[in-house]
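Going by the order they are written in, the chains are A, B, C and D; count residues from 1 in each one.
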Amino acid sequence: MAIRTYDEYLASLKRMRPNIYKFDELIEDVTTHPATRRTVEGHGQIYKLSADPGNHDTFLTASHLTGEPVSRYLSLIQSPEDMWANSRLKRTMFQKTGTCTGGRCVGWTAMNAMYAVTYDVDQAHGTDYHRRLKEWLLDAQKRDITISGALTDPKGDRAKAPSEQDDPDMFLRIVERRPDGIVVRGAKVMICGIAAANEIFVLPGSGYKEEDKDYAVSFVIPRDIPNLTIVETRHPSDDREYQEGFDAPVDEGGITQAYLFFEDVFIPNERVFMAGECKFAQNAVLNFICNYRAAIGGCVAGQGDVKIGAALLTARANGLNSKVFKDKVIQMQINNETTFGMGIAAAAMGKRHPSGAWFSDQLLSNVNKVLVATLPYETSRIAQDIAGGIAETGCIPSYKDFKSTKYGHLIAKYMRARASAESRMKAARLVEWATIGAGVPGCMHGGGSPDGAKLMIRSLGKVDEKVDLAKRLAGITEDLPEPGGK
Amino acid sequence: MAIRTYDEYLASLKRMRPNIYKFDELIEDVTTHPATRRTVEGHGQIYKLSADPGNHDTFLTASHLTGEPVSRYLSLIQSPEDMWANSRLKRTMFQKTGTCTGGRCVGWTAMNAMYAVTYDVDQAHGTDYHRRLKEWLLDAQKRDITISGALTDPKGDRAKAPSEQDDPDMFLRIVERRPDGIVVRGAKVMICGIAAANEIFVLPGSGYKEEDKDYAVSFVIPRDIPNLTIVETRHPSDDREYQEGFDAPVDEGGITQAYLFFEDVFIPNERVFMAGECKFAQNAVLNFICNYRAAIGGCVAGQGDVKIGAALLTARANGLNSKVFKDKVIQMQINNETTFGMGIAAAAMGKRHPSGAWFSDQLLSNVNKVLVATLPYETSRIAQDIAGGIAETGCIPSYKDFKSTKYGHLIAKYMRARASAESRMKAARLVEWATIGAGVPGCMHGGGSPDGAKLMIRSLGKVDEKVDLAKRLAGITEDLPEPGGK
Amino acid sequence: MAIRTYDEYLASLKRMRPNIYKFDELIEDVTTHPATRRTVEGHGQIYKLSADPGNHDTFLTASHLTGEPVSRYLSLIQSPEDMWANSRLKRTMFQKTGTCTGGRCVGWTAMNAMYAVTYDVDQAHGTDYHRRLKEWLLDAQKRDITISGALTDPKGDRAKAPSEQDDPDMFLRIVERRPDGIVVRGAKVMICGIAAANEIFVLPGSGYKEEDKDYAVSFVIPRDIPNLTIVETRHPSDDREYQEGFDAPVDEGGITQAYLFFEDVFIPNERVFMAGECKFAQNAVLNFICNYRAAIGGCVAGQGDVKIGAALLTARANGLNSKVFKDKVIQMQINNETTFGMGIAAAAMGKRHPSGAWFSDQLLSNVNKVLVATLPYETSRIAQDIAGGIAETGCIPSYKDFKSTKYGHLIAKYMRARASAESRMKAARLVEWATIGAGVPGCMHGGGSPDGAKLMIRSLGKVDEKVDLAKRLAGITEDLPEPGGK
Amino acid sequence: MAIRTYDEYLASLKRMRPNIYKFDELIEDVTTHPATRRTVEGHGQIYKLSADPGNHDTFLTASHLTGEPVSRYLSLIQSPEDMWANSRLKRTMFQKTGTCTGGRCVGWTAMNAMYAVTYDVDQAHGTDYHRRLKEWLLDAQKRDITISGALTDPKGDRAKAPSEQDDPDMFLRIVERRPDGIVVRGAKVMICGIAAANEIFVLPGSGYKEEDKDYAVSFVIPRDIPNLTIVETRHPSDDREYQEGFDAPVDEGGITQAYLFFEDVFIPNERVFMAGECKFAQNAVLNFICNYRAAIGGCVAGQGDVKIGAALLTARANGLNSKVFKDKVIQMQINNETTFGMGIAAAAMGKRHPSGAWFSDQLLSNVNKVLVATLPYETSRIAQDIAGGIAETGCIPSYKDFKSTKYGHLIAKYMRARASAESRMKAARLVEWATIGAGVPGCMHGGGSPDGAKLMIRSLGKVDEKVDLAKRLAGITEDLPEPGGK
């Protein structure tokens, strides 16, 4: 069974060429550097948990290529059941890390999207992409690697197509086609979990025309490939991760989001899955979002579970029984289960692609995207409501002050409620972290914006059919076409 | 194939003893009387649609008893797929009738609930209920009858158990046990679709103790059984159903909700499925609500489809393009698909009972119940927003005024917009009917109240586990039990 | 003191020429006919209450013309305090009648709007309108009459200006100018409280250009003026008003909304306040909506008070303590006080016109309009939630069934809870009436649509200034103009 | 005119004894130290703006003691107009600083609260507090000082009264009464703007009984009084304030919230305004919250203005026209104007106290508190929605990376859209700062929790009267008292 251990995983990351920066500093070892250590530990929990036979159902499945157990994160999703396992896995990982382990799920979903697209492109163009992808996947399963995914281009002026931009590099593009591979230039931005990844699966954007065909490109690369420079973004309260103590309350979990700069990176053919077939770029994106926007409901449900727990934990520390907050907790639960459930439903109503891949229902997935951009915000607000002023903006002294020899005893004295000052501060910091701090995942725009989802809902919702059924019910026979625009 | 025709269905209703009243008048023929004709037509559409081979997937399935095609409404639900078909069927019927055909789905769900309960009771008590139910069901399938369901007792003083009430009849109860059957007294109230039904499946309430055992009773009866008196309730704008014209805009659909008075009704043993096994009454209710509260999301989605259609139809009649209302329509769609989807999810996450019956996930079903009590209200509000003042409270002259020889021409002149006055009035009446009129189904409290659902959510949500995972994340080791109540 | 008695008010209505129809029947006496009696009684309560010296502060004020006490409904609003009294008066009247007494407040607000406009027009054109209005008002105060107001034109095809319509009558217009007056043709639709009014104050619409000048017309007429035909619209469950018993639960209150057809009505000059000054028509509308949309918050707060009371009354009848619903009641209160308060605020932030009239702040008034189109819907939903299934759609037998000699005793037996069946049914009917029945006022579109209010909010909100202050805060010096439209 | 200059203000702060710590470091000069400099600059803007005659209406008013112009922050609020000026002032300061200048408004409101309470206590007990307060105030006006306010006690175990706590110091208390003053011990926590203040006005908590009388204490002290130790809390992303560049995007504005530890602080009699009159402690709190919860609506409206501006600024930088987000901007405006307006309304409906102080309406103020705990969260969400992924969690490289000689040019290249990379990053950082960063004020719990406000709404809302008016409307004569509790 090709399941790596946690130690093997860390070792694999240590072996890689350092090419990640933050605060103008090269990160020599992502497994120990404060900017990246937490996200590595978060992703590392996957290897730890996978090692426990009690968790095999959650984390492993049979490879459709070999029948052998492989990580779900490296598997082809072939059924609603596989998607449901995806949702559950995401919820579990949020519960374990308090935040996002996006260095795996995006790559997973991207690979699944391209599994079907390569199949379709080969059918249409007689290309060889699908075999390449399967061979690479087989090898990836054997190595049990962590694969992040990269989707978002910088985009430049939003009013212009890629080929119309002043600077043609504002979307990642092929600048050279060689017999043995392609050379790409550009950037991918806001990419999650890169520091914890061994490889990066790159997807094209969508809406490309013939003149944009050099932008229709998909491939997979080692994270430390030559000419790739990575800069980690800063996120709320990230300096605390460089500091001692519980101000950054979660030790084995954390988010990183990176900007990837491709300065003429060479990709060998065997790792290229699209190189100019612009009509199929949109399929890649559609395949990606239907599954991604379904399962993300599991993410925010898991994060919501943490918010419920952290808020009630703080209330306990304050001396308050959870019954005081009954209706609020129920509303948080409803929010959680709604995003979780809608992902389950989208998966259930999905369709199997001829390649064997399962894609969730677009309408329900996109509805879920909007819910994911809305409900967790209410959940956060309620968590802050329950947990009180010390949690709302984390309004308590720092760990360093708590440890002060001059006045730390005063903090300890006055922060004590039903729980000790330390427990109370830790609980409040967890609420802050999960609702307004470094634990907040960027779920509103991650995987695309709610406005994009709304456009899809509008177009998939068969509104004209609804007008027709109303006409029939009302017994109207007069022809009533849509009036001219406003 | 034992599928009845529409005409056979009507004939079967005509043959029954008149025992339904409204406005102190006995309804001699439910198929023609204005108080009941529309609900009969609504239910009748099921027979019409079932006759079309193109609809067989939606309306028919294989009997688990014979393998023969039977109406889904008479089938055992054995899988998520069966539940999804249930949701789709309900949505379709709302689209076709604009409202509720509750004379079928409640009976269907009740039968399924008791299918499992009779199995369990027999295991525990050596009784014979399960065989009785199967034999009756086999016969019902052969006759392809319409079976409504009855659940709600009058309940009297809500602070008292059935056996503590001043009047012991406030919950339906066994007043006599004979060798060949039982005699029951009491009432069931707010029962949907009785006038369209051939038989009525009666469920017990829940929360009964040993001293309440005479209240733990379930059976099925012909609607016209001796000593049963039925009074139809009045609903918004129901007088219009007695009048000519389009003020009651939907002709083949309508709601009735009845009060059933049992004045010592005798039920032969073969139709009795519970008679005192009070510990199992709660199971009957739980089995009922998990499937009912899942699939009801399909109902309100279908009703929401009609609201979208009717609102945009009115806007078209007014001369306004639907783009003006884009965001509003998307919000309505989101509301629709959320309740629909949550039902799908609850079904997907359900469990198979040893009897073969499939029951949806309680947590997700109850979350859906709360959504169903909330989102359709917003959808109605938006429909009124889009459709304008003429639809908000149906603020237009009556059909009779429209036909007035004195001034009807003035109404026709001034009600005309882009569409004719008649089309515009019909469209506006449909909005009124669906949002504030006779078409509004009682979905908030139907199948139980949202407050009851919230209590279940609270108890099923494993909140303590969430506190524990937060403790782990925050690195708190201090013991922090729930403080004493407020 | 020129304050009429209730009896004098009724007598004044009885004296008028019958010109109101409903259901193709001429209403001979609006004070006794079931279609209009309730709205007359609702408006009649104003006279009853005004007679009580304890209510003088609420109902009366000093005429700015004579200094004598007059009904507030006939007064010039000169200060925030006058507007606050307006809000309180409206809230009081909703509490007393359960619904709208719009036969007074629209006329009041219309008169105030034109008080300023006539002043402005006279300044610009040397006309004589302001004197006419003051003289008429003086007389109206002396007679203490009830004056309704009429604003909404049929509008025809919404994409066309009045003068572009196929039928030029789709907006009320001057068809003839005579030395002694004007002749008008057209209609005003959805006009509240006409049956209870002695006179009707007519406002122009807005957005008129030079070619539309015949549409810029304002005047006041006796309700029974020759060539005016009035048809009352039907509203939810209005047939119950023709029936005995408590199915229409409120006896001294009710809504009517009429269509007024002007078939060449002659208006003498002294009653004409605008006749072609098309540039000022918009001012009339703006003056109207700022005060109307402020004070309407008092209406829906009063209606909300009734919903709270009716819901808790039903809960009491069911045997449930209001603590069970604590959070829900608080939410209803918040909704009520928010619409009430925003009206108070709009009045406070208003401005005095040179004529002496006070006009509320447009931005806050229009914000309130949107709140009024939203919050009461949630309040209704909660009322139905609290009151249970018997109230949601009024799911109980009719009064006639309750009185049945055949089975009325069964209804009485089984409807009893903690309260008698009769009290419980009355309470539930009141909830139905106020949330989904004949008591629901058309507040969403009354006085203009929320979408219109939103456009005003957008334009009044000085969004560019907000961008500038953000630029300053962020220290951005680059010029960043608004990009070209999508 | 006793209006200090900005320079005099800074000088006054520099003169004070250092007693504020953060990160275990004593802050020698609050005007230059990174932990406190921004809040000082924010408060300093008040002095700068007050110096401009064009702002006098906003910032100054006539002292009721001398008739001389004084800062509004040091004035007695005597009318609705004074409260409206308060709301406008708060909104202005949020627009100028992007955040809270709570070092002035809390002290102001506290002084006003005690102005009335000292009057009442003197009437009841023959004490001398009111004269003391007036003399101190006269002197404070002469010096034009900045006075923060302190209200919140640590509270310990929330289930216990102050005198029942294991540690009696969990509420601030008098530990010694001397002829010339009192000695106090305890703490006040989460106190805003202390670093920018010259003095601190301390209020008691509420709900004290005779045995808690040593906790009923109010006084005013110099911030640097002996035995007072102050620790500043950490807040989201506060480390950025120690760093160069625009990651902390606002230079002249910032929040601090401190813990004040009183280790036997001596207060001379002339500065003591309550010392044991426990029955009046509650009045102090009630007087405080009615005005505070009214005017806080101005704060969140101002913050909302910044969010609108920052979101649209980022959209402009991205190249998107604001029309794309029309409905979203309108919703943000509605949220802003609703909290602003409710404060105006509460002030309008207030009452004058015999001392001359004006107190806003409790019901409307507390409704506003709940709105303030809800609506700004939606505004923040929408701001993130509009501004996109780069703003949601500030997902862009740090300033230090932007300036990197190694790869800064890549960031500049790829962050450019319609605006330069720098402008775009600044705009996005402002959205982050205002919605999830250091600019977020703790308005949900500041000045008390929404749950406390809800309890007041429930008790002030006269719910029983509403039940009575519903009974009257429904014509119910049966006595229907509230049923026994659940």
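As a convention for this text, a contact is a pair of C-beta atoms (placed from the backbone, for glycine too) under 8 Å apart; a residue touches a chain by one contact, two chains touch by 3 or more.
All of these numbers come straight from a predicted model, not from anything done at the bench.
If you take chain A and chain D together, the chains in touch with both are B, C. Two copies of one chain, chain A and chain B, touch each other, and the residues they use overlap strongly: the shared fraction of interface numbers exceeds half. Separating the CA-averaged centres of chain A and chain C is a span of 52 Å. For this pair, chain C with chain D, the centres built from the Cα atoms lie 40 Å apart. Along chain A, residues 159, 319-320, 327, 418, 483-484 each make contact with two or more other chains. Of all residues in chain B, only 21-24, 152, 154-159, 167, 169-170, 187, 189-190, 229, 231-240, 247, 257, 259, 261, 263, 318-320, 324, 373-374, 377-378, 380-381, 384-385, 388-390, 392-398, 400-401, 403-404, 406-407, 410-411, 413-418, 432, 436-437, 440-442, 444-446, 449-451 touch chain C in the complex they form.
Against chain A, in their complex, chain B makes its touches with residues 80, 84, 95-98, 246, 249-251, 253, 305-306, 308-310, 312-313, 316-317, 319-324, 326-327, 329-330, 333-334, 337-338, 340-349, 363-364, 367-368, 370-371, 418-420, 422-423, 426-427, 429-430, 454, 457-458, 461, 463, 465-471, 473-476, 478, 480-486. Residues of chain A that touch chain C in their complex: 159, 327, 483-484.
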